[in-house]
Structure formats: C-alpha cells, structure tokens
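What follows are several structures.
One chain, subunit A, links the two complexes that follow: it is found with subunit B in the first and with subunit C in the second.
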Partner chain A sequence: MKALEIQNLSIAFGGLRAVRDLQITIPPQVIYGLIGPNGAGKTTIFNMLTGVYRPTAGSIHVFGQALIGKSPSCITRKLHVARTFQNIRLFRELSVLDNILVASDGNNNILALEWIFGSPRSRRYAALQVAQAKKLLELFHLETRIHMLAKNLPYGDQRRLEIARAMATGARLLLLDEPAAGLNPAETETLINLIRFLQKEHAMTILVIEHDMHLVMNVCERIIVLDYGVKIAEGTPHEIQKNPRVIEAYLGSEP
Partner chain B sequence: MKKLIVALGAIWLIGYFIIPSVDSYIVSILLYAGINAILAMSLNLVNGCTGQFSMGHAGFMSIGGYIAALITLSLPIQTGLFPLAILTAGCVAAFAGLIVGLPSLRLRGDYLAIVTLGFGEIIRVVLLNINVIGGARGLPNIAHLSNFSWVFGCMVITLFSIERILRSPYGRAFLAVREDEVAAEAMGVDTTHAKLQAFVIGAFFAGCAGALFAHTLRYLNPQIFDFNRSFEIIIIVVLGGMGNIRGSIIAAFLLTFMREALRPLQDITRIDFRMIIYAIMLISLMLLSPEGILSSKWRKRGRS
Partner chain C sequence: MVEFVQHVINGLSLGSIYALIALGYTMVFGVLQLINFAHGDLYMLGAFIGFYTSQWLHLDDNPGISSLLIALGAAMTGCALAGYIIERCAYRPLRHAPRINVLITSVGVSLLLQFSGQLFFGSDAKFFPQLYRPSGMIHVGELTINPIQIIVFVISLGLMIILQTIIMKTRTGRAMRAVSFNHELAALMGIPTDRVISLTFMLGSALAGAAGVLVGLAYPKIEPLMGVMPGLKAFISAVLGGIGNITGAVVGAMLLGLAEEFLVGYWAPTYKDALAFGLLILILLFKPTGLLGTKATEKV
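Presenting the complex of A and B:
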C-alpha cells in the first residue's frame, strides 16, 4: 500500500490556480523532498494534505484512506498525518512537556469528572503519557528542558520540539515544512541525522519541503520539483541536479 | 497541593467559629465575594485559559439563580434540597451554555464577544417578561439556605475542579487552543469541541454561583444580571490575571470589598463612582501589569 497517493490534485483561489493536476505517489518509509521556487505551491500542498484547504479537484489517499473533506484534527488522529510549520507554531506559553502531551493526548475516553476526582484510570493514563513523552524528548535531546516554556527555548530546540510534537501525535506520515530554516550548519547536520533516524527506526514516511539544498540532496531518496503549481520533475537527487527544466525554474533560461 | 488543603481547612474552621459573632453586613460581603470568586474562576476558564472572550456570564448566572430559586420555592423545604438545587441549576446553565456555544463558538474574537453579550441581554429580557417568576417585580421570599460554609465549600470545589481539569488532557487542549488554534487543530485537538467543553464547564459553575447568589440575597430581579454584572466578572478575571485561577479568587475579594468601601463616596456625591473606578483600574492595570495583580509568582499551575 502506498503511504501517500495524490491524483489530479488542483486548487484554485479565485482565478489563481495554485496547484494544477498534481500526481504524487510515495511508498511507505521513504523520505521525499518537495522543492521549488517561492510561490510554487509547496505549502499549499501541505495545507491540502492536512485539511486546512479543500482542493477544488482530485483525490488524496493516505495509507489507502481518503483524506479530502476530513477536518484537520481528524486527519491527524485517524489518518496519522502530522506536520510542522514553516514559521514555528509551538504553544509558546506551555512547557516543553505540555507541548508534547497536547499532541499525544489523542483519543482517550476518560471523562472530565474522572480527572477531577483523580480516578485510578486517569492516573495510570497520565503516568503513561508523561513516561512516553519523556522517552520521545530524549530522542530529540530535549530531556533536560522538559519544564521550560516553549517560548524560552533556543531557536534550534524549538524547531526540534515541533518535529517531536508532530511525532507525538502517533504520525506515520510526517510533513516537514522547511525544518532547516534559520538553523546553522551544525544544527542542520543534527537535523539530517534526526530525519534519517526517524525514517529508519520509527518507520516514518517523510515529505520535506526545504530550500537548503545540502539537506535535500543528502536526506531525500527522491525529489519532486514544483513550479507555478505544476510538477516539473521527479527523480533521485542526482537526476534532479542535472534536469534542465529544474535549472531553468531556479536560474532562468538563456535568452 | 497539601499545603493549600491545610490552609483552606484552617480558613474554613476560623470562619465557621468567627462568622456568628461578626457583623452580618461584613458576612454578606464575604458571601458575595465568594460567589464572585466562583463566577470569576469559571469565566477565567473560558476567557483566560481557552482564550475565547465571553461577555455573557451573568446570563448563565441568572439561569442558575432562577432555576435554583424555583426548585426551593416549589418543593417543601429540607436541607438536602439545597445541594440538589445547586447541581440542577449548574446543569441547566451548562445546557444553556451548550445551546449558546454550538453556533457562536465558530466565531472568533470580537464577534464571539458581541454574540455572548447579546445572549446575556436576551436571557435578561426573557426573564423580565415571564410573569410566573415575577417579571420585572422580581422573585421574592427565597429561602435563606446559603451560608458561609456553603459558599466557601462551593468555592473550594470550583477551585479544585478547574485546576484539576486544567492539568488533564481537557485543560491542555483548552490552553493549546488559546496559544495557537491552527497548530492545536493540526496536532489533533478538535478545537470547536474544546471551546465548547470550556464554555459548558464555565456555564455550569456560573449556574452554581447563581444558585448560591439567589439564596444569599433571597430576592431575584432580572436587572441584577445586566451587562454591568458580566462586566464586573470580566474585570475580576483581568485583575486576577487571565488564566490565573487563584488570582481570580483574590481579585474577587479585593473588588467586592472595594465596591462596598466606595459606597459612602457614592452616597455623598450621588455619582456612580463604581464604573469610573473600574475603568481607571482596568486602564492602569493594562499599563502597569497586564498579567494581573499577582503576575508571574502565582502563574505556575502547581506542577511539580
């Protein structure tokens, strides 16, 4: 079964056709890159994949399940798709731990009254949640910052916390929107290892939008190139680097 | 948490033995302060913790008050009746919260404030026109069932319930909605659902406070629950700090006592100084300490 299957996907905002007839197929447990010049429609695709926008035409299937028409929270919970944001959107006034717990709370059917009276079931659940969150934070080297407010974290840690938070939802398909934006070369290197680790050890399928070509070429098994809402190329990093249409989209053609 | 329980227990014991010998005027101010504290805590859950600006809290309070008063007026009086009346009042108010919340919580910011404000007025006008409950004449002769222990007990229960909820997945969802609605939705929080839950829980406690109020004042009149009433609760919430539940209690006592202290001034000058002072307080608070009078010290939500 395919992790992600996009067919004939189009979306128009008034007269602007932001994405046109897009076909993408991603097998499970691979890392795909999505690149293209500014305004090519990359984030729009992410917004359609997470239910923020409703496409005007086409279909999206995640692990065989139809996605279009479902609410963003339902897509995260039931279809196990989670994303990070281009401009970091953490819960700033909450602690690092709470940021993770919000995402991992999921479908517990424990009543509010049980929480007020502290029923054994709610206590067990809370202990388990915290233990899992701590384990997850260790993977991301954030275990020493558990009780810090998210807004007080250094920038690089905030980026990593956002990925951790997306992982905590129980995601199988992870959408990373420019995870390396604003990171220094050393932090980017850590991030590259982290993304590979998530794919190998946690069986994640990852689709990453990125402008940092070092990261894209090193991490992605295949790359999809978008320009003006149309897919202009798809292939291995090596193929993409040589593709004349990609070079034209990025650098322009000779007159 | 243990320290807090001991402190509250001590306050109750002292109050229980001292109250009978205290001037009944002071006692009634204390009771109204406690009721205001319950109202402020419940509104804080919606306004401060979930970030949804509701301005119709007096509406839920009035529903609770009238329901409880009707129960104790129509059924033969026994002491066991009062908790039943409080709970029923809370549940009916919560149901009203659900009805109001369903359509209006899809709105954001200013629009939600206007809709809830309108709702509060609708409730008041409806009550004004129901003859069975006295209409504009009001509803007199309500039994004197409320006392220090009831108000204090309900206040403590409200405090514990809301603090517990805030530390549960429910409360985390509320806070996430306040922090960033888009991110909360993307992380699997059903934001409409979370807002509705906060609204209904807030309305429940407001209804309970209304029940206590009815049996403290022993007379209800729709005019008591006008916009000024809602506004007063909002001021307490802001004064105590948005999202700061314990701050709301302290601010409630401060404001209720201040209102009484200003009464002589009002009698002499024949001007309603209360609203002027409230406005000045709000403005200076926004300038000097936007996080409330207690600011950061109390903000930590008691997490170990």
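Presenting the complex of A and C:
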C-alpha cells in the first residue's frame, strides 16, 4: 500500500490555479523532497494534505484512506498525518513537555470525566504518556528543557520541538515545511541525521519542503519539483540536478 | 476597625459570586475571543433551576448543607446542558463568521433567555427557598458574621480550585489552553476543537449556575431579569483582571466586590452601580489589557 497517493489534485483561489493536476505517489518509509521556487504551491499542497484547504478537484489517499473532506483534527488522529510549519508555530505559552502532551493526548479513548476525576486508568495512562514524551524529547536533544516555556527556547530547539510535537501525535506520514530555515550549518547536520533516524528507526514516511539544497540532496531519496503549481520533474537527487527544466525554473533560461 | 473587617468579609463574599460568573466570561473569551453576553442570563437560569429543584424535592423542609449541595448540583448540571445547547445551536454555526456577528447573536441569546424566563417563570420576583438556615450569627470578638457569607465564599473558592485543577492538570484543560492559544494549530495537532469549545462553555455555564444558587441563598429574591446587572459586573471584573486570564477574573471580581462594599459602607450607596462602570472606563483608558493581562504585540 502507498503511504501517499495524490491523483489529479487541483486547487483554485478565485481565478488563480495554485496547484494543477498534480500526481504524487509515495511508498511507505521513504523520504521525499518537494522543491520549487517561491509561490510554486508547495505549502498549499501541505495545507490540502492536512485539511486546511479543500481541493477543487482530485483525490488524496493516505495509507489507502481517503483524506478529502475530513477535518484537520481527524486527519491528524485517524490518518496519522502531522506537519510542521514554515514559520514556527508552537504553543508558545505552554511548556516544552505540554507541547508534546497536547499532541499525544488524543491517542487514547479515556473519557474527559475520567481525567477530571482522575480514574486509575487515566492516571496510569498519564504516567505512561509523560514517560513517552520524555523519551521523545531525549531523542530530539530537548530533555534538559522540558519545563521551559516553548517561547523561551533558542530558535534551533524550537524547530526540533515542532518535529517532536508532530511525532507525538502518532504520525506515520510526516510533513516538514522548511525544517532547516534559519538553522546554522551544524544545526542542519543534526537535523539531517534526525530525519534519517526517524525514517529508519520509527518507520516514518517523510515529505519535506526545503530550500536548503544541501539537506534536500543528502536526505531525500526522490525529489519532486514544482513550478507555478505544476509538477515539472521527479527523480533521484542526481537526476534532478541535471534536469534542464529544473535548472530553467530556478535560474531562468538562457536567452 | 471592626466595621472595616466587616466590609472586607461582605466584599469578598460578593466578589466571589462575581468571580464565578466572571470565570465563564473569561474562559469563553479565551477559546473563542467572544464576549458571551448571554452568560449573565445563565446565572439567572441557575437560580431558577435551584428554585424549582428545591420546590420539587421539598428541599427547604430539611435545610442543611446536603440540600444546598443538591440544588447546587442540579443548577450546575442544568446550566452546563443549557450552555452546551446555546453553543451548539447559536455559536457553532457562526464559527467562521466575522466576530461581530457572533457578538450580536450573543445579545440575541441573552434577550431570548430573559424573556423566555418571563414567559415560563413569570415576571414577578420569587422568594428563593432557605436551603440553609443558620442557627445564628457567628461572633468573633465584636465582629458579627453571617454564616451564609462564609458558605458562599467557601463553596465559590472550592469551585475555583476545582476549575484551576481541571485547567492546569487534566488533558481537557491542556487542550483548552492549546485551543485558546490557536484554534487552527490545535486542530492540526489532532485536538477536536469543537468538543473542547463545548466543554469550555459547559464548565463556564456550570459555574454561573452555581453562582445563581449561591446568590439565591444570600439575597433570596430571584426574577428573570436578575442576570443583567451581575452579568455586566462580572464582565467588568473579567476586563478589570485582563479578559482571557483565569486568575485575572478572580482578582478583578474580588476587587470589584470589595470596592462596591466600601463605597456602600463609607460613602454613597446610590453610586454602587456607577462605580463598576466608572472602573471599566478607567481601566479601558489606562490599562486596556487589564491588571494581569499581557500586552499583545504583533511581530511584524
């Protein structure tokens, strides 16, 4: 079964057709890159994949389940799709730990009243949940900062916390929107290793939008190139680097 | 000095009732950025649910703490249900409408509740049954304290502690904090925002219902329009403390309760209602975010 199957996907905002007839197929447990000049429609695709925008036409299936029409919370919970954001969007006023717990809260069927009155079942689950959250934060090198407010974290830590939070939702398909933006080279290296680790050890399927070509070429098994809402190329990093249409889209054609 | 302490006790007792109502305003504002003007009328509804429950179960035949708690439980449950229905039918369909539409709808819901109240409960004032009859005043030195005031204060405080625990310690509370920070983001992290908003309304309404019964206990005249003034004052308390801020609502309400009591006690009782609105104007002029509110600066 495919992790992600997008067929004939289009979306129009008024007269602007931001994405046109897009086909993407991603097998499970691989890392795909989504690149393209600014305004090519990359983030728009992420917004359709998370239920924020409703496509005008086409279909999306995640692990065989139809996605279009489902609410964002349902897509995260039931289809196990989670994302990060181009401009970091953490729960700034919550602690690092709470950011993770908020995301992992939905992965149980304990009733609200049980939480309020603290039933044994809810207490056991809460302990387990905190233990898992700490393990996850350790993986992201955030274990020393669990009680800090998210807004007080250094920038690089905030980027990693966003990925950790997306993982905590129980995601199987992870959408990373420019995860390396604003990171220094050392932090980018850490991030590259982290993304690979998530794919290998956590069996994640990852789709990453990124402008940092060093990251894209090193991490992605295959790359999809988008320009003006249309897929202009797809292939291995090596193929993409040589593709004349890609070079034209990025640099403009020679006169 | 004795007189002063007396006023402090009265003020805190009055303030705790404002606080129960103000918490509902501030919680709903937190998750929806909506001033729910119908909230004061839920408090009226709570008083009437308490009234009819007492009549139906003959609670005033054997007054005591247990009777009071039964009436309180009935009012809180009834109001939580009413709050749920109001949110589901009046506000949820407007979730993506401009904020002003929702605000006007809340005024409409408020009027609906007031005049349905007149229709069903009758427009004449009713005498709230004495669910708790103190055997006498408590004397501490020269001080005379009405036990009812203590009970009102203690029950309110208890409810506020429970609320604080729910918000800070439970999964539901965490989800509420996440939703109040950012709806869309919360939904993307898998939080069922609609359910969280419903729960917030139910919690806030239950507190208003409790306030209704406690007021019935302390000032036993109830009528369908009784929610208007305390509703407005609780709203002012919430703004005073910084709307959206839970602690702020309680602090604002206590300050307003004390201020009113001192005004009545030492200066001019007729200006009691003017004081609240005067404070509102001052706070909006000099500290629009409220005493505990933080400045919201947009980063550009």
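The rule we apply is simple: the second predicted complex is superposed on the first by the 252 of 255 C-alpha atoms of A that agree within 3 Å, B and C clash if a C-alpha of one lies under 4 Å from a C-alpha of the other, contacts with A are read in each partner's own complex, and residues count from 1 in each chain.
Criterion: contacts are C-beta pairs under 8 Å (C-beta built on N, C-alpha and C of every residue); 3 or more make two chains touch, one makes a residue touch a chain.
Being a predicted model, the structure only gives us computed values, none of them experimental.
Colleague: After the overlay on subunit A, what do you see for subunit B versus subunit C, clash or fit?
Modeller: clash
Colleague: In the superposed model, does subunit B or subunit C contact more residues of subunit A?
Modeller: Result: the larger residue contact count on subunit A belongs to B.
Colleague: First (subunit B), second (subunit C), both or neither: which does A:147 touch?
Modeller: After superposing on A, A:147 lies in contact with subunit B but is clear of subunit C.
Colleague: Once the structures are superposed on A, label A:23 by its partner contacts, choosing first (subunit B), second (subunit C), both or neither.
Modeller: A:23 sits against neither subunit B nor subunit C.
Colleague: Is A:95 touching anything from subunit B or subunit C once the two structures are fitted on A? First, second, both or neither.
Modeller: In the superposition, A:95 touches subunit B alone.
Colleague: In the overlay, answer first, second, both or neither for which of subunit B and subunit C A:103 touches.
Modeller: both
Colleague: Which subunit A residues lie in the overlap of the subunit B contact set and the subunit C contact set?
Modeller: After superposing on chain A, subunit A residues 50, 52, 71-73, 76-77, 82-83, 89, 91-94, 98, 101-103, 105-106, 110, 112, 115-116, 122, 126, 165, 169 contact both subunit B and subunit C.
Colleague: Which part of subunit A faces subunit C closely enough to touch in the complex?
Modeller: Touch residues, subunit A against subunit C: 50, 52, 71-73, 76-77, 82-83, 89, 91-94, 98, 101-103, 105-106, 110, 112, 115-116, 122, 126, 165, 169-170.
Colleague: Which residues of subunit C touch subunit A in their complex?
Modeller: Per the stated touch rule, the residues are 166, 170-172, 174-175, 177-178, 181-182, 184-193, 199.
Colleague: Can you list the subunit A residues touching subunit B in their complex?
Modeller: It comes out as residues 50, 52, 71-74, 76-77, 82-83, 85, 89-95, 98, 101-103, 105-106, 108, 110, 112, 115-116, 118, 122, 126, 147, 165-166, 168-169.
Colleague: Can you check the complex and tell me which residues of subunit B touch subunit A?
Modeller: Touch residues, subunit B against subunit A: 160-161, 164-165, 167-170, 172-173, 175-176, 178-180, 182-191, 197, 201, 303.
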